[in-house]
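Both complexes shown next keep chain A, but they swap its partner, so chain B is in the first and chain C is in the second.
And now, the complex of A and B:
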């Protein structure tokens, strides 16, 4: 708990900077509105305003600054408005929440009334959209991790793979995901595959790479002495992998998983952007930008950040428990 | 020119120096390790390195043989050849009458390295079980053997501890227990106590001698320390570098029973002196 204070300090600093930035960011919009509303501003014409620096304008028209904070469709919304939006599109959706007892309704195992479940079923709900993004993220993360470990084992045990796979893995990460995401969706659609899997594949495309890099290093961690010792017992390759290399690579695996899961989330959101997804945090970002709903964009962004933090935190918790039990805690 | 290496004298003069022999049986003269004009040349970027040159040596069953010499004299390399961790480039080497590789597959030897090399994620008992699991012993047999070897190295009651809960000396004892667990007749030890302080080392030397007397193992022991070599061995192989070769083979006249204070007797100092002479003759002190 001793890191609560530093975390709160950083959060407070971010909120402070955010709040201070709202004025300058929205000032030109406010000034524009004031000019059109017939208020006296300096300089008077819109053309001249366009050629004047932002600081100059703010110094000359201090009366307009409050309007910049009160703007209805701001370029940068205030943090509290985003917080209200997040609340309204999550728990604020709950109506008449009641406990009906287990198995009251055969379609609904939770025993909660429909009013409670609005928060996960309503299409305005950010929890609904977050789940639509998290499900492919988790599947993609699992695929990516499995693929990454398999490739790393291949690289460590097979000389041909050692020489050939890594350059391709690196090359794969230089291709912009935004460019190939629509192609994967289109190709898979043509093959009749829709839904979770295409998004998951795009997300695994980003998450396998840190796992490969980390696991190659981790699997090569055992010293020559440890390998010699296994050799004197005539251990087989699989025994060496299972009893020595995999356990010693775990600290590296966890470090890679933390990067990988965040990359998987980014991959899913990016996969939702160019493909016209209707649900998911990426879809919320996209529709927000279509309709100039900056509050909605920021709310979706923050929820995505919270999801990423929860995922990384969950892996960190497993990591601490496991490595402590295995005597490898750093 | 460098002097010709002396050929190892295989047979001990005095059968009384073969401790732990079952009484009434004459197994004393059985050769378990036999090197004949053994050569090993490493090819490196700086040209070939003659790690072992014309090494002739026979080690009998139940002997405790120490290899001593400066860095680069090939003592570890020779041990690794016995363990089939290196391939000799010339001559012949047999272990129990087989090639080192066959001997390894027949579990002829246990190897103890300078570092204990215990897995932190396994308990002491789990670490000792590791070779047994690999070799396919059944669970019941594993438990029995772990209990047995923990007793041998005086670590009863520590089976459920993790390596980090033990001192360096105890960890090394656990690694010796691991090497003993699958009942190999030969124990190859590569500076096993090199990383420990002298007090712990004295204690472990004493324990090792008792273990050897009890188990009738053949032990090949690499060390940098003259007192350690003289205290432990029935036979001391003095080696010298560039190229790595045997400079002298000394059959120790010391009695089987060796309390720690035997190191203050004149017989002990005489053997130590001969070892030092052997090192000097082999140009071990040239640099």
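And now, the complex of A and C:
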């Protein structure tokens, strides 16, 4: 709790810098528009303006600065405009929302009128696009984590596997595999695999290796003393795994889950970028960049940030609960 | 057999029988599948035997055999099952492409890795370390910045690529800007954490020497922070390459690894795509290796480095 004030200060500082940067970033665009509109500006010609420094221009033409903030398609939008855009493309889409009661004669089972469901069903809704990105992320994350834990158990219990696979697992972390994510999607489409699975494959690959590396470390954490104790109780291999190794690896598991889920989300978004995906946050980013809709790009970016925060926060909450109950909280 | 299974616990008669059965079943359904399975199990058995024996060479030998086996299996499967080169080219085809197009690959490497990734990496790292030093005197700002920085480090920053390409143009400058944005926060957070990692006893010792703030900073706290800084630097090497390549998907001159991957894909020259991936993998590992080497030189005193000796 003692961090609330400092964090708020830093966030306020970031927003302040953002707001102050809007003017200089959009100034040349605004000045250009003013020149074409026939206003008196110094220097008068566009060519001369191009050769003059930005600070000089701003000092000479203070009247244009408000126009730079009110610019239609800015290079850098104001923070509040992005917030308005996010609202308009989520809850602002609601039309005639009313409670119809259960069992009404419409197709939806919620009891709300169709106007309410526009929030999640409308093609312009950011929640719709966010879900199109989150669903493959979560599926891939689950697959990657499951396989990662299995491989880690195999590595810990099998010396040949440890020596063969582990160096490659560590080396593969240095390869920028994310960069070819879009290509993998297209290849899978060519092979006839579509839907959630191609994107999930990327996010599962990206969350797989952090989990393997973290879990191998975690499963090896019990000391020789603890292992010997289980040995004196003549515990079997599986018992050793379930009662000692897995519980003591949990802090490592959660640490790598947080890294893994963030990587999985980034993977899905990048996978959507140049493949011409129509839905998803990555698709919103791309269409925004094609049509110069900067506000749309920033809105998609912020929603992606909110998704990442929710995912990492959810894992952190489970971690705190679980480790506290097991007496391992730091 | 008893003696042997005692010596190599995993290579018992039962496991050998199981392996033979798997190969036989595979071979009956399709002789090519049987061949692939036989090779895989033979190599795996060799690794089991090798890892059971003593000797220091196995640390290098076993992973190498594993890697080569995967490559051979890839080659065999593509040739035997006649996989179309539009889906997966064979390693030999990729190698031929690499040999044929060295000048193109080199130009792409210079554009993306040297101009984009490396420039951005150096600028981002320098900015982050300087920012951490500037923040060093303010506990208040540090307490606020650490959670925010950790949060931002987990965000999909690569999504800012379209914006930065719009701002800085199609040249390498926009790629360097994406890389700066990607590496800044991981390094900043690690440096701030590292600068706090001195013990009260050590700081008191510096005080008894009447060391000034900057003396104790350069002689005690900055060296003590180096392991943390290198942690951030190592994580950021991969991020830098990813940022530089992905940013090229949004617009680039007609050279660069991201550009080549995108266009070769459009014309279905998959061997070229894989050649670029191989270059990226080598560049990524080399980059990481260089930072690790610098770490070994500069933090030779740290327990994690001494243990390796």
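Here is the rule we use: the second predicted complex is superposed on the first by the 308 of 330 C-alpha atoms of A that agree within 3 Å, B and C clash if a C-alpha of one lies under 4 Å from a C-alpha of the other, contacts with A are read in each partner's own complex, and residues count from 1 in each chain.
Here, a contact is a pair of C-beta atoms (placed from the backbone, for glycine too) under 8 Å apart; a residue touches a chain by one contact, two chains touch by 3 or more.
Since this is a predicted model, take the numbers as computed values, not measurements.
Enquirer: I'd like to know which partner A:226 touches here: chain B for first, chain C for second, both or neither.
Expert: first
Enquirer: Let me test your reading of the model: by the given contact rule, A:235 touches which partner, first (chain B), second (chain C), both or neither?
Expert: first
Enquirer: For A:75, is the partner it touches chain B (first), chain C (second), both, or none of the two (neither)?
Expert: second
Enquirer: Is A:247 contacted by the first partner chain B, the second partner chain C, both or neither?
Expert: Once the two structures are laid over each other on A, A:247 reaches chain B alone.
Enquirer: Spot which of chain B and chain C makes contact with more residues of chain A, would you?
Expert: Partner with more touched residues of chain A: C.
Enquirer: Report for A:326: first if it touches chain B alone, second if chain C alone, otherwise both or neither.
Expert: After superposition on chain A, A:326 lies in contact with chain B alone.
Enquirer: Tell me the contact category for A:170 with respect to chain B and chain C: first, second, both or neither.
Expert: neither
Enquirer: Across the complex, what residues on chain A touch chain C?
Expert: 2-3, 5-11, 14, 25, 75, 158-160, 162-168, 171, 173-176, 178-180, 182-183, 186-187, 190-191, 258, 262, 265-266, 269-270, 273-274, 281-282, 285-286, 288-289, 292, 294, 297-298, 300-301, 304-305, 308-309, 312
Enquirer: Name, in rising order, each residue of chain B that touches chain A in their complex.
Expert: 83, 85, 104-105, 107, 109-111, 113-115, 117, 119-121, 130-131, 133-135, 162-164, 182
Enquirer: Note which residues of chain A are touching chain B in the complex, please.
Expert: Result: residues 223, 225-226, 228-235, 239, 243-244, 247, 325-328 of chain A touch chain B.
Enquirer: So in the complex, which bits of chain C are touching chain A?
Expert: Its residues touching chain A are 10, 44, 47-48, 50-52, 58-59, 62-63, 65-67, 86-88, 140-145, 147-148, 151, 154-156, 158-160, 162-163, 165-167, 237-238, 241-242, 245-246, 249-250, 257-258, 261-262, 265, 270, 273, 277, 280-281, 284-285, 287-288.
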